[in-house]
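So that you can tell them apart, the chains are marked A, B, C and D in the order they are listed, and the count of residues begins at 1 in each.
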Amino acid sequence: MSEKDSPAAPKPGTPPLKLPSYKKASRLTHPQNTVIPLGPYAIGGDEFVIMAGPCSVEADPQMLGTAWEVKIGGAHIIRGGAFKPRSSPYSFQGLAEEGLKMLSKARELTGLGIVTEVMDSSDVDLVESYADIIQVGARNSQNFSLLKRLSKCQKPILLKRGLMNTVDELLSSAEYILAGGNEQVILCERGIRTFEPSTRNTLDLSSILTIKEKSHLPVIVDPSHASGKAHYVAPLSRAALAVGADGLMIEVHCAPESALCDGEESIEPGQFRDLMVNLAELAPAFGRRISTLTPELLAQNQR
Amino acid sequence: MSEKDSPAAPKPGTPPLKLPSYKKASRLTHPQNTVIPLGPYAIGGDEFVIMAGPCSVEADPQMLGTAWEVKIGGAHIIRGGAFKPRSSPYSFQGLAEEGLKMLSKARELTGLGIVTEVMDSSDVDLVESYADIIQVGARNSQNFSLLKRLSKCQKPILLKRGLMNTVDELLSSAEYILAGGNEQVILCERGIRTFEPSTRNTLDLSSILTIKEKSHLPVIVDPSHASGKAHYVAPLSRAALAVGADGLMIEVHCAPESALCDGEESIEPGQFRDLMVNLAELAPAFGRRISTLTPELLAQNQR
Amino acid sequence: MSEKDSPAAPKPGTPPLKLPSYKKASRLTHPQNTVIPLGPYAIGGDEFVIMAGPCSVEADPQMLGTAWEVKIGGAHIIRGGAFKPRSSPYSFQGLAEEGLKMLSKARELTGLGIVTEVMDSSDVDLVESYADIIQVGARNSQNFSLLKRLSKCQKPILLKRGLMNTVDELLSSAEYILAGGNEQVILCERGIRTFEPSTRNTLDLSSILTIKEKSHLPVIVDPSHASGKAHYVAPLSRAALAVGADGLMIEVHCAPESALCDGEESIEPGQFRDLMVNLAELAPAFGRRISTLTPELLAQNQR
Amino acid sequence: MSEKDSPAAPKPGTPPLKLPSYKKASRLTHPQNTVIPLGPYAIGGDEFVIMAGPCSVEADPQMLGTAWEVKIGGAHIIRGGAFKPRSSPYSFQGLAEEGLKMLSKARELTGLGIVTEVMDSSDVDLVESYADIIQVGARNSQNFSLLKRLSKCQKPILLKRGLMNTVDELLSSAEYILAGGNEQVILCERGIRTFEPSTRNTLDLSSILTIKEKSHLPVIVDPSHASGKAHYVAPLSRAALAVGADGLMIEVHCAPESALCDGEESIEPGQFRDLMVNLAELAPAFGRRISTLTPELLAQNQR
């Protein structure tokens, strides 16, 4: 890949001359990519960052077991939800602070940072006290009160695209966080709602290109929620790397069939290791690397 | 219209036998229409209820002037936003408590109840202390933390359908409120997001039929936000009455061209009076009435 | 309803000044409504025109029985498909010329005109020799070769909106017919494809307003295909009348449960008669009439 | 990539046990991938097949110049439209047989096969007499009369997914061709219509996985029409390779700024050569090869 295609310098057609309403999120006011430190790594640069873990934190053995598996597999960050947005009030709603404590233990065990969702501005203090990255879910992507509150946090915010939001709306939501003073925003494409029923949502990989063209913020892809199908995760992850995403958020569960939430889209630890080996091998061809997979770990995980 | 078509008893095809996850919102567990008292009137019965007013509360003269105009025109409830969900952080965000106080004055002046939006669970106490009906906007239709908090309110909740939400998801969101103990939920169809660019959203009037078939909750239509075009409001209002909605939410502004928000979709007081006269004349043919338009007021407003 | 709201003179906001690419279909070049004679009636004026009949022509008794029923019910035109666009090659594809002959017999029996679909330019001569109105189905709405061929016909063309077509695209498709010399085009809204699964498609009644604003062509609504549910047909028909459509296309089958195609959306003759009585009573309030329902027929059909 | 991920043997989750209505297109009745010979190459196997050329055939110098450029760049097949489906009747409609003759000359000059679109069943004989692959455009994807006629052709058919068609509908359209006796069908994902305006359509790369899971037919991706943006073509092409597509259809024009059709999405010959070099280097990592790029040609095109 030639220099002009490198992830650090996307190649727009005719650059837009008019400043959009999301002026701080716009590449016009900030031509260089934003690079956000995440422990010993950073997102938005050459590192292809992997956030992995269960949909929801369920219990200590499940959380610690899965955390250790994704650490071995080469993840940079552990994901897991303690507050769960569920369509039905009768579905499992998450373990709240108890779940945050389990995530905290997982961090101690593995040394990896944790990303977890906050659903309400009144929980921001609590979640911020545990999380390394605070996630805003797709259904709260235009919860402007929450976004304003998060603009006052010191932690990076992972902002997911709403199911019906345009890229411009996503960047406007990011602007709420930036405008309030928090410049550490990571965007996440996780599929949009369309008429196609084969997948839970339609993963819009072109949006990565639009985001990179219009904005300087890093953007990752969540193939698990987008497709809702475990066996689609690997090929969609490869496509996300190929199109220029800065990383992935992947659901991994040590026992998907008994997951309290979204088990059908979670991959098993063995599948995660295979995928990570594959991505680490492919990454250099796309100007990326996965530093967590040291030569020793890579050799150990190759089969 | 024959008896079996009356709004109080919709005629389903084959009734669904399996109880859906929204069991309290389902007509299977509650065959009779829910009728919610609103001052001297009620919604969900024969009264065709009109909520009208400006998109946002801007200033005392604008709010009081418009309130008086909609009272004269025959509205049952005054609408107006003090907390405004705006895509951009740099757009007018509403006057917050100052706006609620203006709404309160409008209530004193006119004797009409007020409906206003809450965007965050931390503002629910404040909004409930002023509002007669608490509105949840389309972008918060799946803000489950907010819905849970509202389930503890004593006031009726007006729940708007999200731009990308199915009817089943809307009923599941209503279930959050019902499950927590607040049985006074009014639904609102306000258009869904599609590919058609002629209107801001696509008003889905079939959803009124689906809601009436699946649920006992009252449902109104917002033709202003759905179309985004002032001159579409009157014909879409007539269609909403014809299809079986329980009422309307309409934007009226005493000076649309100077509105701080959504002026292009607001109708003027004179247009509102004409529309109300027309609806009052049409209503009996659809098994409805508009009691606020007394014979005297009707005669006065007819031109 | 005041004069300026009459169907013959829609009330635009700010009129578009730039001539669109569909210049012959545009109201800017042809301010008066196009009124197309259909036997003793006409579409596009005060008459609310009803086209009714089975989805597909199946057999003589079915076709003649249903034709007679819709005649008695007050329809202006008989519909029935002899060429059927089916997603699967193994579904019933229609009776072709044999079906056209049955339609022809139905015309002789009832004195009503017939509308039937053509799917391919090579069948246009055949279909034109039988039909009074030639229908283009939703899946052929952008079959430009077929549209060009139809522009040379002497018969009116009923052009359905494609499931994914914008109003501007529909008018551009109409332009193909007008540009070739056939000025008798009737448009038909029949629902667009969205994410909502409760109805087969989402009926976009706002499109009637957009079409009336941008074009002079008459437009009807097909509530049967839009909803896919027989018990939605009556309320959606009332809404279509209320919003300003020029007529309806309704599926009626004398034995819906045994229909070879789309039985679940067909209403029975008794339901059709009830609906027609209801529409005839409502029509004057919307500036329309249904002349086929003479006082004698109305009295006979009222129950 | 491990064996079980190879393009020849996709890895479904739980295999569907019920035979779908598209039984001949289904992988259940034909577990092995269909491989279709295209001159010295074949599609559906390890070869990553590239079809490239202008949107429409415009003139001899343009067509021959571009043909030669795509040959040098490493394309397998030349594309170019002689019959153009255009929304407006006043847009350039293509050169018809004259265009087919130019394509034929381009074949003689380069030795490459040609793919070109047919829009109407009455033109199938003509187009088949010139084309090596006959294309069905997105707007004719459910033109069942045309599909039936094409089922009698001896040439492979390239069937594009309609803008609003589900994968199941695409496979049902393919079934029309297979059922009539023509088993050489190549599918093409070219974007679906959604609410997102940044790209002309939304490229649905997950559909490649669904097609590979449900069917044995080869499938390619058209990133040019999907995005409508020339500078998105290269990264989307890489993503298509990564996700498992069997090839690409790319618009290349020797002078995009003067193209009569879709110039803004066409890449220049130099960009095409760079992309092909990049794809040829990446292909082996995804179990593919591009044999047209011999070591000599590769060395010559590398810069």
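Some notes on this structure:
We adopt the following convention: a residue touches a chain if its C-beta (ideal position, glycine included) is under 8 Å from a C-beta of that chain, and two chains touch if they have at least 3 such contacts.
What you see is a predicted model, and the numbers here were worked out from it, not measured in a lab.
At the interface between chain A and chain B, two copies of one sequence, more than half of the residue numbers in use are shared by both copies. Taking CA atoms, the transformation carrying chain C onto chain D includes a rotation by 180°, reported to the nearest 5. The distance from the centre of chain A to the centre of chain B, with each centre set as the mean of the Cα atoms, comes to 37 Å.
Separating the centre of chain A from that of chain C, both taken as means of CA atoms, is a distance of 49 Å. Counting only residues that touch two or more partner chains, chain A has 164, 193-195. The residues of chain D lying in touch with chain C in their complex are 21-22, 83, 85-91, 119-123, 139-140, 142-146, 148, 162-164, 169, 172-173, 175-176, 179-180, 193. Those residues of chain B that touch chain D in the complex are listed here as 193-195.
Within the complex formed with chain D, the chain A residues making contact are 1-2, 5, 11-13, 164, 166-168, 192, 194-199, 202-210, 226-227, 229-232, 234-236, 238-244, 274, 278, 281-282, 285-286, 303.
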